[in-house]
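Going by the order they are written in, the chains are A, B, C, D and E; count residues from 1 in each one.
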Amino acid sequence: MAQSLLKKKKPVMAENKTEAKPTVYDTKKLNLWYGKTHALKDIDLEIQERSVTAIIGPSGCGKSTYIKTLNRMVEMNPEVRTTGEVQYRGRNIFDRNYYVEELRTRVGMVFQKPNPFPKSIFDNVAYGPKIHGIRDKKILKQIVEKSLRGAAIWDEVKDRLNENAYGLSGGQQQRLCIARCLAVEPDVILMDEPTSALDPKSTLKVEELVQDLKKNYSIIIVTHNMQQAARISDKTAFFLNGEVVEYEDTNLIFSNPNDKRTEDYITGRFG
Amino acid sequence: MAQSLLKKKKPVMAENKTEAKPTVYDTKKLNLWYGKTHALKDIDLEIQERSVTAIIGPSGCGKSTYIKTLNRMVEMNPEVRTTGEVQYRGRNIFDRNYYVEELRTRVGMVFQKPNPFPKSIFDNVAYGPKIHGIRDKKILKQIVEKSLRGAAIWDEVKDRLNENAYGLSGGQQQRLCIARCLAVEPDVILMDEPTSALDPKSTLKVEELVQDLKKNYSIIIVTHNMQQAARISDKTAFFLNGEVVEYEDTNLIFSNPNDKRTEDYITGRFG
Amino acid sequence: GNESSEAGGNNNDNESNGGNNNAGNSETEELSGSVQIDGSGTVYPLLSRIAEEYMVNEQQGVSVEVSRAGTSAGMQRFINGETDLSNASRTIKEEELQGLEENGIETQEFKVALDGMTIVIHPDNDWATEMTEEEVTDLFISGKYADDDNVLWSDVRDDWPDEEVNFYGPNENHGTYEFFVEVLLDEQDLVDGINLQQDYSTLVELVSDDENSIGFFGFGYYINNDDKLGVVSVDFGDGPVAPSLDTIAEDGDYAPFTRPVFTNLSIDAAKEKPEVKDFAKYIFEVADDLAGETGFAPLPEEELNSYIEEIDEIE
Amino acid sequence: MSYSANVKDMIETNRKNSKLAKFEKMIPFLLFLAASISVLTTLGILVTLLFETVLFFQNVSFREFFLQSEMRPLNPTNPQFSILPLLGATLLSTGIAMFVAVPVGLTTAVYLSEYATDKVRRILKPLVEVLAGIPTIVYGFFAFTFVTPFLREFIPALDRTNILSPGIVMGIMIIPIVASLSEDAMSSVPNSIREGAMALGATKFEVAFRVVIPAAISGIIASFVLGISRAIGETMIVTIASGSNKNLTFDVTQSMQTMTAYIVEVTSGDAGAGTTAYYSLYAVAMTLFVFTLAMNMFARYMTKRFREVY
Amino acid sequence: MQYMDLDAVQSRMTKRIFFNRLSKMLFLASAFFGLIVLAVLLYDVVSDSIGWLSIDFLTSLLSTNPDIAGIRGAILGTVWLMVIVGPVTMILGVCTAIYLEEYARPSKFTTFIQTNISNLAGVPSIVFGLLGLTVFVRLFGLGSIVLAGGLTMSLLVLPIVVVASQESIRAVPAHLREASFGMGATKWQTIKNVVLPVALPGIFTGMILAISRAIGETAPLVAIGIPALIIPAPSGIFDRFTALPMQIYYWTIDSVMVQEYAYLAAATIVVLLLILFTLNSIAILIRNKFDRRY
């Protein structure tokens, strides 16, 4: 039902405001089970390039599961089974010949809890380029600087690149993780509640950063925080019990939700 | 301030309704620290015989700490320091010559999570008498039966006394723990949220039991559940941040609290 | 089953033998307790054979325990009073006697059998099978054939291979070592780089394994492994003689390389413990029979009998 | 119920009569006595070793013991006491053992912690650990009667007793120590860090060797050090399979004697007290003790370090 | 500016993934390497023992004649050793664990005892043998009897029991202790009646591990001086003795002289391994049976 609603709305939306950007991810009838738990049910979603797509919904609705499906990280759990398709740039990511490593190089991910490697700041950022065969010290240095600048943390760490990343504050660590992502020049960045472990000031910094990054990257962000979704995203998908209830331009969804359940959630009546 | 209130009220209360029963516990200026945390602050409380005294208050306010002080269980933590006095039946329990074992034999305790021993039902109840030197099989049998009857669980377990106590349901386990307490014929029974791990039906049974037990025992019960306190207790003490804010007849405290904070708590404005 | 009955038959033989020698003595006395023996590894096979016979056929109640730390190491224990009998492949030394005296232990040294110092080589070695006495001893003496002790076979005789000789022998724990160095080499230094081992079994393996090996040890260890080892026939002036039970016997042709092996009895132990005395006598009752079996030449019967009498007199 | 009036009284009288209170006071003391046995054991080891070691060094100089190269303890004419041949053999056999145990153990650990599913790990890990439960005497037999003859098919120069074969077998014995402890260290690296690397497109191999192993390095080193300590202290395998030739060489095909095997040789059959050779036993044992103790303490320090990080 | 050359990344990708798969197989093989060696070892030993392992072999006394030699004495020696090791380590180990877990206040000395125990666990067994030789055999004048061997072994495996017992005692949930204290039980009553019964399965598992270790240890016995030939079977803890691993040792080194001894050694190894296997199975059974949460 939610999906049919969406399909009806789509053309309207396109006319509405956003110019129709090319699609990065096209999810078709995606179902996912953890053993017997049916965590994602018939998901259909198209995600556009160079925009911020927010995914909201109450705890346990399948947000993390969905976003982790997009880079097949969800497969680290051997119990997981999927049906349906997810097309990234026109290629089904579940294709036998599609190496996860290749997909993940194109699609970066930032996690809820900052997870830098227990290495120096420099080595954290250089890790990605290095595994892709870039050995030249000079080039690595340039990449590291560019990525750290890109993640708006360069000024804070430029004098301590060789110190251990664990010495940074939580917010700095999270931006470092974003920089680590940027270093391999991905196409898409997935973010799973990237600010939920951070204090308000750091949260603001990350939000600004996301706004900035969308010029060059497609960003999909899971968030618990409705205000955040409203502030930074272009489109928002509302998940409930493993289904997409509504998928809409952010300003529309927050001002004038189509579905009663979306409204109830947005107005804080549950979740 | 709370204490001064109390002192003023006491004579009124006595006239009011309850006949003045003898005092079992008299707490005087009790302070307690866990290392540097000041958990109990200048507590003054008199607790009466053959009645149910409820202790309520938000999480972390010191309820458990206080009740565990009454049988000196709190000393199991070597960091604990106390000042002030707690008199049990006129004797300071912190007295050097007062063996904790003696105190604890007179003062039984029931815990939040049912904690039977991994032994048979019979051995659970017989444990107390046995460690106190009662070896005679026949007497033990009588004690076990009487205690199980006293805890209103005899009929449910009489045919399986030799089975392991872990086979019982949570509610039955809790009543078994009460029976275990009764077996040494204590004077006082301390209960720390005895029903918070139980389903509503078992909770009801335990509440009934408490009502019944107060004929012969003095009962002090910590509870999170205001309704429960209102239903079963004669007097209620409201704790906040390690202090006694109000101590009053239960019907008074719930109908007409003296302190703004008590009112706020009772009406669910915090906690 | 077959073999064990054969062994049983053997045992019966010995028993009757023992009975003959023992005529006149009371056989019926049941003894108990234990006899502690340590010392020479050379003598070990003989003494352990005797001990086993004794425990199986003579006195089931007595436990005879035999170790083989080597003559010197065993003698140390003996001096400490830890053992009742101490086997030796050389005569007891002055210092050792002194030590015994200090500890108040009275002892008596008895010859048990005769052993030939056997010079062994690899079985495929077909050049060094016959050597003169001097060649043998010179080969083992440091600096005789080569200054750096990297001796080549061709240093001994020109027509022998140009390959380096590898030396083997028991280590200094052993009386065999001492007899070889002190008596046969006249206390001159052994060649450098000689491989000295504690265990004879290891030694046998090493020699049987190395084409250029040459080593020395008791005849018993050679004869038990004659399929794996070659032996050097030594020319003492009257043509080459191979060691054998006959040639190493008293006045045999191999006599220059022959030595008696001993056991030292603690007189105090024999006085205190009847089982020690009984076993000591038993040794000489059966030594001539079991010696050959374990690779020793027996002593003359009169000599053995005189020992029995000697022990009998201990009270 | 007839008794009911007096349960309280019964308890009261029992309490008054009970001797429990006195007994209770004794208990901590008795238990303390038991606990002090382990301290006494260490003390006993130290005192016995130290006492005789001092006597040894009254006869033999440190210089000779640590700097010369010949060990001929019972030589009647010119006894020499240098630990170097024994030390050399010990280090050589330990080196060979670690040469086997480190690569096999570490890759086994990587497989168990990074590649294997939970189910496979639960079966495979205990199976690998079985290797640690085989008595060393059995390994000794195996080295002597199987591995040496087997190796000699390929290395004809190999002596019947040599340091190579027991070294290899010791390595096999140590595999589970390295594998199990390294696996523990690697498992304690949080999954979020692995996910971080995977999300960058790293293969499992790259995750294991560039993230997990560096992160768990102190625990892994601890496992190596414990393995080394085990190898240094291992006795029966070398006693049986490497002979007792005390020579200082790096030729692994030769027979040589480790410190532990030397102790066995001098004690086996129980050498008599009083000679320098006998004291040398304790000097060697002291060296062995100090070596292994230092290694164990170092390993424990490293283990603590990796526990503290996460 | 682009630093990542997509084509280069792509072509490297295939290599990386191939390498990853290859190493996965290599690592699996490596995990199996030890198991394969174990299989070869077992095969070697069992095949050598065939024809030699029989009831007669188990019940006969030792002999220099391989055809009639048996290991009755060695089996009994091992049994008697365990008669010492079992109770001694049980008592000392459990008491030490109780002291450290229940009574000792955290202090420098407690830490010292704890450190000391873990260090003892790493001391080579031959050093324990020397301790046994010097103290029990010589100083106490016991000689190489079962008692001396048993005490030496006990000290050697004590840390295993202590550590296992400590872990087991630590795992007893606090609420059980509280329940007992709440009844007015003294500390010792609580330990005796509540803590130890719950901790017992873990303690037993530790005991079995310790005994397995003691059964297989050879070096300490070598050091305290077990004779090469000792025929009568021991009938008590004051008798001189030999044990299974000692017999394996002597037969192995003597196999050079008498080839058949190697088969006897193999047969003895099979017996030893069977005993250890049985013990460990029991330990696993106990662990599975009592591995419940309180």
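Just so we're on the same page, contacts are C-beta pairs under 8 Å (C-beta built on N, C-alpha and C of every residue); 3 or more make two chains touch, one makes a residue touch a chain.
Because the structure is a prediction, the values reported are computed rather than measured.
Undergrad: To get from chain D to chain E along touching chains, fewest steps?
TA: When the steps are counted carefully, the minimum from chain D to chain E is 1.
Undergrad: Provide the labels of all chains in contact with chain C and in contact with chain D.
TA: E
Undergrad: Select the chain at the greatest separation from chain B, using centres from the mean of Cα atoms.
TA: Here the answer is chain C, farthest from chain B.
Undergrad: Going by average Cα coordinates, which chain is farthest removed from chain E?
TA: When every chain centre is compared against chain E, the largest gap points to A.
Undergrad: Given that chain A is a copy of chain B, what angle of rotation, in degrees and a multiple of 5, matches their CA positions?
TA: Answer in degrees: 180, to the nearest 5.
Undergrad: Just curious, how far off is chain C from chain B if you go by their C-alpha centres, in Å?
TA: Those two chain centres are 87 Å apart.
Undergrad: How big is the gap, in whole Å, between where the Cα atoms of chain A centre and where those of chain B centre?
TA: 52
Undergrad: Between chain B and chain E, what is the separation of their C-alpha centroids in Å?
TA: Their C-alpha centroids are separated by 49 Å.
Undergrad: At least two partner chains per residue is the criterion; list those residues in chain D.
TA: Residues 203, 206, 268-270, 273.
Undergrad: Could you list the positions in chain C whose residues touch two or more of the other chains?
TA: Chain C, residues with two or more chain partners: 38, 67-68, 82, 199, 202, 205.
Undergrad: Using the touch rule from the top of the page, what residues of chain E touch 2 or more other chains?
TA: Residue numbers touching two or more other chains: 16-17, 186, 189, 225, 227-228, 253, 255.
Undergrad: Which pairs of chains touch each other in this structure?
TA: The set of touching chain pairs is A-D, A-E, B-D, B-E, C-D, C-E, D-E.
Undergrad: Please name which positions on chain E make contact with chain C in the complex.
TA: Where chain E meets chain C, its residues are 63-65, 67-68, 143, 225, 227-232, 240, 253-258.
Undergrad: Using the touch definition up top, name the residues of chain B that touch chain D in the complex.
TA: 99, 102, 105, 129, 132-134, 139, 142-143, 146, 184-185
Undergrad: Which residues of chain C touch chain D in their complex?
TA: Residues 38, 67-70, 72-80, 82, 99, 171-173, 178, 181-182, 187, 189, 193, 195-199, 202, 205-206, 208-210 of chain C touch chain D in their complex.
Undergrad: Where on chain C is chain E touching in the complex?
TA: Per the touch definition, chain C meets chain E at residues 3-4, 7, 34, 36-38, 44-45, 48-49, 51-52, 55-56, 60, 63-68, 82, 199-202, 204-205, 221, 224-225.
Undergrad: For chain D, which residues are in contact with chain E within the complex?
TA: 20, 23-24, 27-28, 30-32, 34-39, 41-42, 44-45, 48-49, 52, 103-104, 107-108, 110-112, 115-116, 124, 127-128, 130-131, 133-142, 144-146, 172, 175-176, 179, 203-206, 226, 229, 232-236, 239-240, 260, 263-264, 267-270, 273, 281-282, 285, 288-289, 292-293, 295-297, 300
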